[in-house]
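Structure first, then comments.
Order as written gives the chain letters A, B, C and D; numbering starts at 1 within each chain.
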Amino acid sequence: MSNLIVTVKSGADAKAVQGQLVARGLWVVRMQSGDRVHFAVERHSRHIEPAELLSIEGVAEVATPASPHPRLDAQPEVVRVGKTDFGAGLPPVMMAGPCSIESEAQIREVAALLAPLGVRFLRGGAYKPRTSPYAFQGHGEGALTWMRRAADESGLQIVTEVMSEADAGHIAELADMLQVGSRNMHNYALLKAVARAGRPVLLKRGMAATVEEWLLAAEYLLLHGARGVVLCERGVRGFDPSTRNLLDLGAVALLSQVHRLPVVVDPSHGTGRRDLVLPLSRAALAAGACGLLVEVHPDPANALSDGPQALAPAQIGELSADMARAGRGAR
Amino acid sequence: MSNLIVTVKSGADAKAVQGQLVARGLWVVRMQSGDRVHFAVERHSRHIEPAELLSIEGVAEVATPASPHPRLDAQPEVVRVGKTDFGAGLPPVMMAGPCSIESEAQIREVAALLAPLGVRFLRGGAYKPRTSPYAFQGHGEGALTWMRRAADESGLQIVTEVMSEADAGHIAELADMLQVGSRNMHNYALLKAVARAGRPVLLKRGMAATVEEWLLAAEYLLLHGARGVVLCERGVRGFDPSTRNLLDLGAVALLSQVHRLPVVVDPSHGTGRRDLVLPLSRAALAAGACGLLVEVHPDPANALSDGPQALAPAQIGELSADMARAGRGAR
Amino acid sequence: MSNLIVTVKSGADAKAVQGQLVARGLWVVRMQSGDRVHFAVERHSRHIEPAELLSIEGVAEVATPASPHPRLDAQPEVVRVGKTDFGAGLPPVMMAGPCSIESEAQIREVAALLAPLGVRFLRGGAYKPRTSPYAFQGHGEGALTWMRRAADESGLQIVTEVMSEADAGHIAELADMLQVGSRNMHNYALLKAVARAGRPVLLKRGMAATVEEWLLAAEYLLLHGARGVVLCERGVRGFDPSTRNLLDLGAVALLSQVHRLPVVVDPSHGTGRRDLVLPLSRAALAAGACGLLVEVHPDPANALSDGPQALAPAQIGELSADMARAGRGAR
Amino acid sequence: MSNLIVTVKSGADAKAVQGQLVARGLWVVRMQSGDRVHFAVERHSRHIEPAELLSIEGVAEVATPASPHPRLDAQPEVVRVGKTDFGAGLPPVMMAGPCSIESEAQIREVAALLAPLGVRFLRGGAYKPRTSPYAFQGHGEGALTWMRRAADESGLQIVTEVMSEADAGHIAELADMLQVGSRNMHNYALLKAVARAGRPVLLKRGMAATVEEWLLAAEYLLLHGARGVVLCERGVRGFDPSTRNLLDLGAVALLSQVHRLPVVVDPSHGTGRRDLVLPLSRAALAAGACGLLVEVHPDPANALSDGPQALAPAQIGELSADMARAGRGAR
């Protein structure tokens, strides 16, 4: 991200240069060695091209770091997954489904309910990352087969999480898109295994990952063979107990509007509260998200995991209608 | 906020009760004493009325804490400041102006530019909280007089920050609304002094304040005489260097959509980046903000403070148009 | 969230009960349903046995949650790894070595330097978790063999990180203790694979893991076969750029002094600054750590990773002498 | 952000220079403009003098920022308050007393108990910053008089918090040292008022203040007349509910050992848990704290504030003995 050193010409008016940098939206710190003045540009500054700075009177040089993620920088703006396009500025893609796949009947029911509501991707956990070893860990391979059939019947595509290196290959045979979860964003062995499976990947941000670390995880995926990476913001760890996580829509705006990367938002994990999923879905789209990943359960009382943050299917309809009304249209 | 203890009837099926609680969007922890089972409801659960829980089969009792902020709970949903209404669901109010008031000419120019763009409140610092004691601290009382004249000429109202107990009284004579800044949210002596001035107050959230602490600061204001409190989210301290702060739109949605409190958003401080102010303004409105507080500078190169996050007046026009297009209409 | 619910006897003086709870070091929130009063005890309260509360006049019942990590609770206080004991109150164990193993000569040199200084475990990365896919990823299996030989020559034991499920088995054949790194604390597939290898495990805390989540990761290990778990605090993500991480010695004191669990501290990652490793090592021992895990490099200028936080071997000597002087004696 | 820029000589081996920087404990980012190479040194690097870097072969220049707090840099290493010296490396000063002063009898009892235990300063709140407006706010001026008499009787000095600009003058007449609390660290009007009272000041760190912001608050104090500033770490806001705050002993080590500033630690607020106050007191001293500020209450059951984190006087004795045993001796 933005991180520059601007060197002032010998004898030039450093204060005037500083003014011009600030005028262009840069936060700078003046550094000096004898008569030589540099301005170090802080990372939370507006993005700017070095050429624009070189045109300022009194600027001698602009030094930049090499990008640590050249493959991600070179990824086309639009990532196609089967028949669906993800990209900043494109109509948003709705991805919905239960936290866990609990039975074939359940996933078929959900798929049939969601398909007419503008949903494009069925999401659902076959393998579940659970904080407690005693919690339900997913029905595994069987659940995946149920999900594939349910999706095909309803004309949906599938995104599902890979938790183990050993599973990446066979999950890739059934799923259209592989998900790397928050807890595994820094799991480099898994990133490599998932990448080698050769599918597009939905990469969730780690619970306390900086944006730069997240992009480096995406670089791992692309370097090792992933067919495109879509990022997913799902909330970072915060200090306030009134929401489960702290949804970082500033990062979403930064990635989508400044860096033109495809980023979707998971408002279910982002807040953990059913009563906030709708407003934050709208906010995510307004910030520039190119998609939403939402938990839905036909009968949350009997959900085997994360019931409190699941929407009822009717609320997905409300959200899709809302997206359509806002002129961005769920496709 | 939500924080309940649900006690299960002796002999009832505790697992079934748990399912019903989860189905209603509650995160619960089972606590037991002999045969007695309680469910402690975690704070990041959906808001719910105790009566709804009492209707569940097997629930014996629902214990709740007394609200720590009864006056805030009793505040009418709409806070009127002069001719302007702030309230969840009402058309959003645009508040804009320079970080610091630098001269009478500057503030008159800004006011004249902003008034036709749908802006209702002129904001501007006469007294500035600056991290460094050597930074420009504001022109003080003189600036306030300039601002009042500029606002009157252009038909705008004024909101400005009070930093010292000693200033609250005379600022209240000139300003329509008094602002308590982030750095002073926990400054109880100031809260009392500002409250006693008898004006409506714009209360910014502290940099690391929980929502509950923020509401308690509002309670201080109301208890000591403030004529209504409007909350202002401006980003909390985060760990990512790519934005200056981390804008917490989950808190905005919680306050506006669940608790029906008037909350405005300051996207300028929220990110510190000029290139993110517009998308986060839109996101804030989508999340439920009833207003925006935006920094504008006619000539950011020569701003005496916070230039990098200020918009040009033309961008305010874009934002107002955008608000109008979205059918929410800057008034 | 509360971790105890104290119910007041019908008709008893709730205020008096509250006073008694506070006197015992508990932070409480009063919850009420009609005449029934409960006190929810907050998590950041002093640890206390329910029986002690039941003896308070006016207390009817004390409800508690089931422990989510029964196997960890049942683990003996002392975890033996080969000839070395880890346990709260035991003399601390020094574990030291280079971030990465770079050559057989390097690791032999380091081992020979460290053994006379009171070091018991040689640490060193054969497989390295690196934020960038372009950074050096470790020499793998070869490095492990070098390390084993070097350790045997110098009479040291080995602890080394497992990054991939596929590697757990063969690493377990060469290492005395397996390390799960911060980035993998939530990687449940790896936790299971490492556990099945049947060695004792050094479990680092995740970058933003709560203490409870960390203990649940330890429970995964024990449930799936690990021969004892030693915890390792290495700093959590903070907001201050002056240290690389924020070392949480409060968590160390809590685990060692209150819960009597073996916890070692990694002051190298904890701060990232060579000039803070020594004082924080001393602080860690004072807080109750039963060991230290320190990065050492004989020639930090040419370190392939994390050179800036490595100590020179002479500094390890200083630390060991210091430990001995403090009467706790590196063994 | 970088705090140094190292420029490589034209034609020199930049990789070799990088190695030399790393060897000296610096984290660097390579920045380039054409053939010119700079290394930006990150803030979490070891402290180093520019001269040392200039001696590296291939280094052309080292640019540095001007210190933002020249007066603090120039403050003598030892801050004398009456007959007591605070300074890195000096024997630690014990400051203890009740959170709130509740009656003259209470404060006299506490003072008499503490004086023989090696305590030098009586602390106690006459004016209390309380999150809730309905909580006990302190007995004010009366309490101060009681405290002064109690201290004089027992040969103790006094430190007490100033919450309002209006109170600074009269509190300064009675107290030996004025405290600025966490909640007011960013309250610049109060910093000025307290400074003008001309006493030495104990400056607590704000709940989410960076070290640099904290030092700038100290600079405010010195610029406006304070007779010396002693810093006080009391825990920052964290995400883990098992402690009330997260005590940042890395910051303590940085300030005391690297910058040679006097810093004391408040382990009571630092954790909020009585069962962690002792181990964290020891850890604070090991990290380099030159004093402790501890809450004590003769009868915590009836404390009007913060009872759960107060020690009994006997525990202060244990702490003092411990300090003496460690050879650092409470004076």
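Just so we're on the same page, a residue touches a chain if its C-beta (ideal position, glycine included) is under 8 Å from a C-beta of that chain, and two chains touch if they have at least 3 such contacts.
Just so you know, these numbers come straight off a predicted model, no measurement behind them.
Participant: Going by the stated contact rule, which chains contact chain A and chain B alike?
Facilitator: Of all the chains present, those in contact with both chain A and chain B are C, D.
Participant: Report the chain whose mean Cα position is at the greatest distance from that of chain C.
Facilitator: B
Participant: Once you find the CA centre of chain C and the CA centre of chain D, what distance in Å lies between them?
Facilitator: Roughly 27 Å, centre to centre.
Participant: Find the geometric centre of each of chain B and chain C from their Cα atoms only, then give the gap between the two centres in Å, rounded to an integer.
Facilitator: 40
Participant: Measure off the straight-line distance from the CA centroid of chain B to the CA centroid of chain D, and report it in whole Å.
Facilitator: 31
Participant: Which chain A residues sit where two or more other chains touch them?
Facilitator: Answer for chain A, listing residues that touch two or more other chains: 42-43, 208, 236-239, 241.
Participant: Going by the contact rule at the top, pick out the chain C residues touching chain D in the complex.
Facilitator: Against chain D, chain C makes touches at 1, 19-20, 22-23, 25-27, 42-47, 208, 210-212, 235-236, 238-244, 246-251, 253-254, 256-258, 270-276, 279-280, 282-288, 299-303, 307-309, 326.
Participant: Which of the residues in chain C end up touching chain B in this complex?
Facilitator: 1-2, 4-5, 7, 29-34, 36-38, 40, 61-66, 237-239, 241
Participant: What residues of chain C sit close enough to touch chain A in their complex?
Facilitator: Where chain C meets chain A, its residues are 1, 68, 129-134, 137, 163-166, 182-184, 186-190, 206-208, 213, 216, 219-220, 223-224, 236-237.
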